[in-house]
Amino acid sequence: AAVDKITVGALRFTSHAATFVAYERGYFKDEGLEVEIKFFQAAQPIAVAIASGDVDFGIAPVSGGLINLADKGAIKVIGGVLHEEPGIDGQMILASKKAYDAGLTTPAALKGKSFGITQAGSSFHYVAHKIADKEGFARSDIKLKPLQKVGVIIGALKSGQIDSWSIVPHIAKGLAKGPTVEMIGKVSDYIPDYQVTTVFTSAKNAAQEKEMVKRFLKAFSKGADDFNAALVDKTAGEVAAEDMVKLIHKYVYVSRPYEKAAPSIRNGSMRINKNAKLNLTNIKDQLAWFQSENLVSKSITIDTIVDSGFVETY
Amino acid sequence: MAVLSIGIFYYMDLQLKNITHSYGEIDVLGNIDLTVNGGEIVCIVGPSGCGKSTLLRLIGGLERPVSGEVLLLGEPPKESLNPLTYIFQDFALLPWRTVEGNVSLALEDHSISKLESREIINDVLSRTHLSDFRKALPRQLSGGMKQRVAIARALAVRPAVMLMDEPLSALDSQTRELLMDDLIDLWMRESFTAVYVTHNLHEAVRFGHRIVVLSRRPGRVREVVKIDRPLGDRGDANADLEEVQQHLWSLMRDEARAADRELLHG
Amino acid sequence: MAVLSIGIFYYMDLQLKNITHSYGEIDVLGNIDLTVNGGEIVCIVGPSGCGKSTLLRLIGGLERPVSGEVLLLGEPPKESLNPLTYIFQDFALLPWRTVEGNVSLALEDHSISKLESREIINDVLSRTHLSDFRKALPRQLSGGMKQRVAIARALAVRPAVMLMDEPLSALDSQTRELLMDDLIDLWMRESFTAVYVTHNLHEAVRFGHRIVVLSRRPGRVREVVKIDRPLGDRGDANADLEEVQQHLWSLMRDEARAADRELLHG
Amino acid sequence: MVNDRARPVPFRGGGFKHKPAVAVSLLVFVVLILFWEVGSRTGFISNLVLPAPSEAFTALLQLIETDMLWKHLSASLQRLILGWTFGTLFGVCVGLLIGLFSIVRAGLSPLVSAIFAIPKIAMLPLFIIWFGIGEGSKVATILFGTFFPTVIATYGGVDNVDRTLIRMGQSFGLSWLSIVRKIIIPGALPAILSGFRISASIGIILLVAAEMIGAEFGIGAYILLAGSLMATDQLIAGVSILSLMGLTMAWLIGKAENYFLKWRM
Amino acid sequence: MVNDRARPVPFRGGGFKHKPAVAVSLLVFVVLILFWEVGSRTGFISNLVLPAPSEAFTALLQLIETDMLWKHLSASLQRLILGWTFGTLFGVCVGLLIGLFSIVRAGLSPLVSAIFAIPKIAMLPLFIIWFGIGEGSKVATILFGTFFPTVIATYGGVDNVDRTLIRMGQSFGLSWLSIVRKIIIPGALPAILSGFRISASIGIILLVAAEMIGAEFGIGAYILLAGSLMATDQLIAGVSILSLMGLTMAWLIGKAENYFLKWRM
């Protein structure tokens, strides 16, 4: 078969490991795909690059921007990637030491407190509102502070300028070890089965290159399996884990020496959905939340966003 | 018109027709009628601020008169690079160019060879006693030297009509005398046409075929004095020149007295 | 030293001791020794570029001589706002200030009342015939008018020592005559000390108690000519003044001839 | 007599002067926007990222109707005015110091070059620590961003002041301060005002960076939100407000130039 | 004779001139860094966000050891040089046109003010569509960023050229082009070079924005990554590389000034 040339957009995060593994171990080649990985600094531009045709596949959380691009007929979500599941360390809710000492010891006390988010419409925003909903106070009782960048939020939390935040476990654990931040809860208590990130492609690919998309997902899932086995379930043994970390280190934390990078990579390993399964229920909930916040048009349906023809959904 | 023609039309005549000029509310020149014949030097004298420099700018085509027109008759000689050439009262040297560079500026737009241009520059710099200073920048020159650079630059383009605005004012009497001799020599050889603004009556009678006395602002032609003695023959003490100078002097003094009276009473 | 003292020390004397100056490789002044007595006007003449302006800058403390020193004797009169005052060869007017503003610049740093300052400005502007132009900007002035503004500004600070660099060069003879009379009147009243650089020998003999002739660059004192006739008594034709002028003239010519010879042979 | 060969002296002067032509300015804008609208309608310009001006205009109207425009605008203007005023003020002061004292120049001018090149966005975490996430850090971002170009423009202007005028001031015994106030500052003013044009635009640009940190209202915050939602009509609406602010600033500085530099002709 | 009362004429000239003092420049940097280091070690400067210079230096060494520095640096320098060169080149050209023609000024100068104020970051999505995610969009970001300040500095400089010199050129019948080349450009050069100082720093700043889109290597990408990982030592290391670039550019422009403006004294 002729070789398809495709471009995959990625961030230098452990959560994109499946792509790296599939690339390094030749799974893409096996599927007749010649892949070029383009690196980005944020998920948003990947979506734009897919819309413009510069990139074929990408991984990102479901965001307002993604939904609007899908609404314009530019992109489609085709599978799931990161996923919260019981028993595995998931996103955690943090409080600054100052706020903790002042009584913010459980998420229930978040009423009237400030909460860091990157932007309105981001996953942090969603999490904050879900907490409010479950704890039974008005969403507006949490004071959201849009700070754009994770780094900035960390700075603000450490220096006590915001009271609370939620974040993936390896960052959360790292922070909580320090004297200035305390852990006060788990996101999975508020959003069970949270579909954190998804894999998506251009609407054109989803409609006209179904075969190629399937092959991509197959290779991607194989990479995900290796990753899960080596670092999440740890069933492949220490040697395989070590190899995996080395492989990932080629792409992530490259500027740090291996010894320093390895723990961060290991800590940051979260389960990637087997076979890119997609939790459509949770995606629907997210869409409903976006609509309830007037961030996207009320007329958008789940079918506009997701093409569920490629992977198992639930 | 061209009086000194050697068979063909060679010199350029200038004709000023009823020229009036003003800046905003200030009337500067009123109804100036004047003909400058080819090969003739016309000196313009008049009180400070009466519009002499303005008149020269109008003649040179650097400004347009409010009314009236300046006409040019005859063809410029072929070897003239810039028929109507100016020597500015405030020198107008480019501060970023050396003496040499300032002179060469006037030559660069003409198709003359590097060699020829170097020769011209050497010639005019030695005539203005600036050869030692060819590499100096304007800020390193004395006032008189700057003025000499401006003269050298004007000479370099072999003008057919020279418009000179107090070209020797910043020079010591001796250098002035030398440069005046130089200009007279030049005129004897090439009989260029010139309009020469000066406030030095001695210069005016040495150098002018006719001397136009302007009234104070708004400048009008008050009197035109013709001097018949040939330029080459106006050596040191000459009774008739002395007399003309005295006459000019009295004209100017009257003008100034009138101005003073006006100031007192008006 | 102060010759014209009226009992107390009033005028300022200047003493130049063995002054030598050079810019880089160019020697400009060599071994100048000169005393300017209080109340005396010393004229400096010399060929263009011989270092007259430089000498004046050294006297005014605007530059430091390479060797030698300039000493000041006596106290300045109290009413003098700026004892050592300059008139620059290139006017040095602030282009963003009006005529009035340029004059008032010199007054603003002194504690004089608004009213008094206005009076001074009115006075000096009318003395330089600029009253009509008090609101004009420098770019709207003729060359002579700019020079008059520079003079007005210098007069405004009632100097005890005036350092004048060709202060009348851009003026027509009539205005020059008037301003010269004005300066002489002023001197008769206030007997300021002055160093007056000029290239006009007529001005020099009208105005100087002593006339210093500088040689060409590097400038050295070639001769000092003393004129005994009082300033007030130097009206029109005076045989002795005429003679001095002729003498100066011949000195200058020799100097220039030497320079010419050097150029030819060197 | 060859009067038929008489011709007027060719006019060589003139030019290199400016006549205002407001009509042309307006025309350029109108033509550009029309072109864009037509391009969008015909699909020549992809609607994916660049919406038609009319859509952006609708978004703008919505902003006005919901009364949000004033909230955003007043929040941003307050930050801008505070930040720009102090940034340029300090900038002019430091620029003057650098221009006037060799020792300050040696010490500060490399520092200015070094710090100017540091991207504000990279420094946001630090700004939060120093100035908090309230108005302080926002104003500080704009202040820093406008400070540096002003410094450079100012000392460039001071370097270019005619030295003979300074010597004149000294000869009249003007105090050092008078020379600075009456000769150096007016002489450097054209360059300083030209620097203001640049710093004003930079200040407006930095509204976006400034409002990245915990801003609820502000044009920059509005644009950021629109960008993250890929709401391109709102994005363009927000950006065009910034453009209008840029135009207004340029117009004001043009007025100031006309007033302060009328001596230049 | 009262010779004892003789005193030298007070020296009033001098000053307002610059003597280079490299030692002072170095000293300032050394003192600042020492102060910072000591502050960090004593805990006076919280290690929270600002690491000690020595830590940043270690990160820098690591970068050198892993041979990554050259990769990052060469990628960034290439973008910077391309973007800045063309940005300033076009900027000078357009600035000259605005300075020379009333009609161009009327048409373009408001446009420049309007577009200059648009934040590059907000326009990244558009740049992706227009120039792709390769080098094009990165170079374009820097090009646009340096273009506008150069335009403004250039026409500010042209406006400030002495009109009597232009009249002189015209009186010698110089062609329009000659007047522009030999009188207007040299006359505007001080302002243009001062503008280059500003645009060079802006270009360096924009490396970060430019490398937001699909950049694998580059100092900006390195900084962004360090920021998103909260690796402050690397962040500071990256930022200090930008600072050094800023210093180098300033030094080069200083040399150019010494060479081209030596007539100024």
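Order as written gives the chain letters A, B, C, D and E; numbering starts at 1 within each chain.
Just so it is clear, a contact is a pair of C-beta atoms (placed from the backbone, for glycine too) under 8 Å apart; a residue touches a chain by one contact, two chains touch by 3 or more.
Since we're looking at a predicted model, the values are computed, not measured.
Common neighbours of chain A and chain B, by the contact definition above: D, E.
The chain pair with the larger count of C-beta pairs in contact, out of B-E and A-E, is A-E.
The distance from the centre of chain C to the centre of chain D, with each centre set as the mean of the Cα atoms, comes to 48 Å. If each chain is reduced to the centroid of its CA atoms, chain A and chain D end up 39 Å from each other. Looking at chain E, one finds that residues 12-13, 48-49, 125, 128-129, 167, 170-171, 173, 227, 264-265 touch two or more other chains. Residue positions 60, 62, 84, 90 of chain C each touch two or more of the other chains.
Touching two or more other chains at once are residues 48, 51-52, 149, 151, 154-155, 159 of chain A. Pairwise, the chains that touch each other are A-D, A-E, B-C, B-D, B-E, C-D, C-E, D-E. Those residues of chain C lying in contact with chain E across their complex are 1, 9, 14-15, 57, 59-64, 69-75, 84. Residue ranges on chain E touching chain B, taken from their complex, read 164-165, 167-175, 178, 182-183, 186-187, 261, 263-265. Looking at the complex, you find that chain E touches chain A at residues 48-49, 59, 62-63, 66, 68, 124-125, 128-129, 132-133, 211-216, 221-222, 224-231, 234.
Listing the residues of chain D that touch chain E in their complex gives 12-13, 15-25, 27-29, 32, 46, 48-50, 100, 102-103, 105-111, 113-123, 125-126, 128-129, 148-149, 152-153, 156-157, 159-160, 163, 166-167, 170-171, 173, 176, 179, 184, 190-191, 193-195, 197-198, 200-202, 204-209, 220, 223-224, 227, 230, 232, 235, 238-239, 242-247, 249-250, 264-265.
Those residues of chain E whose C-beta lies close enough to touch chain C in the complex are 1-3, 5-14.
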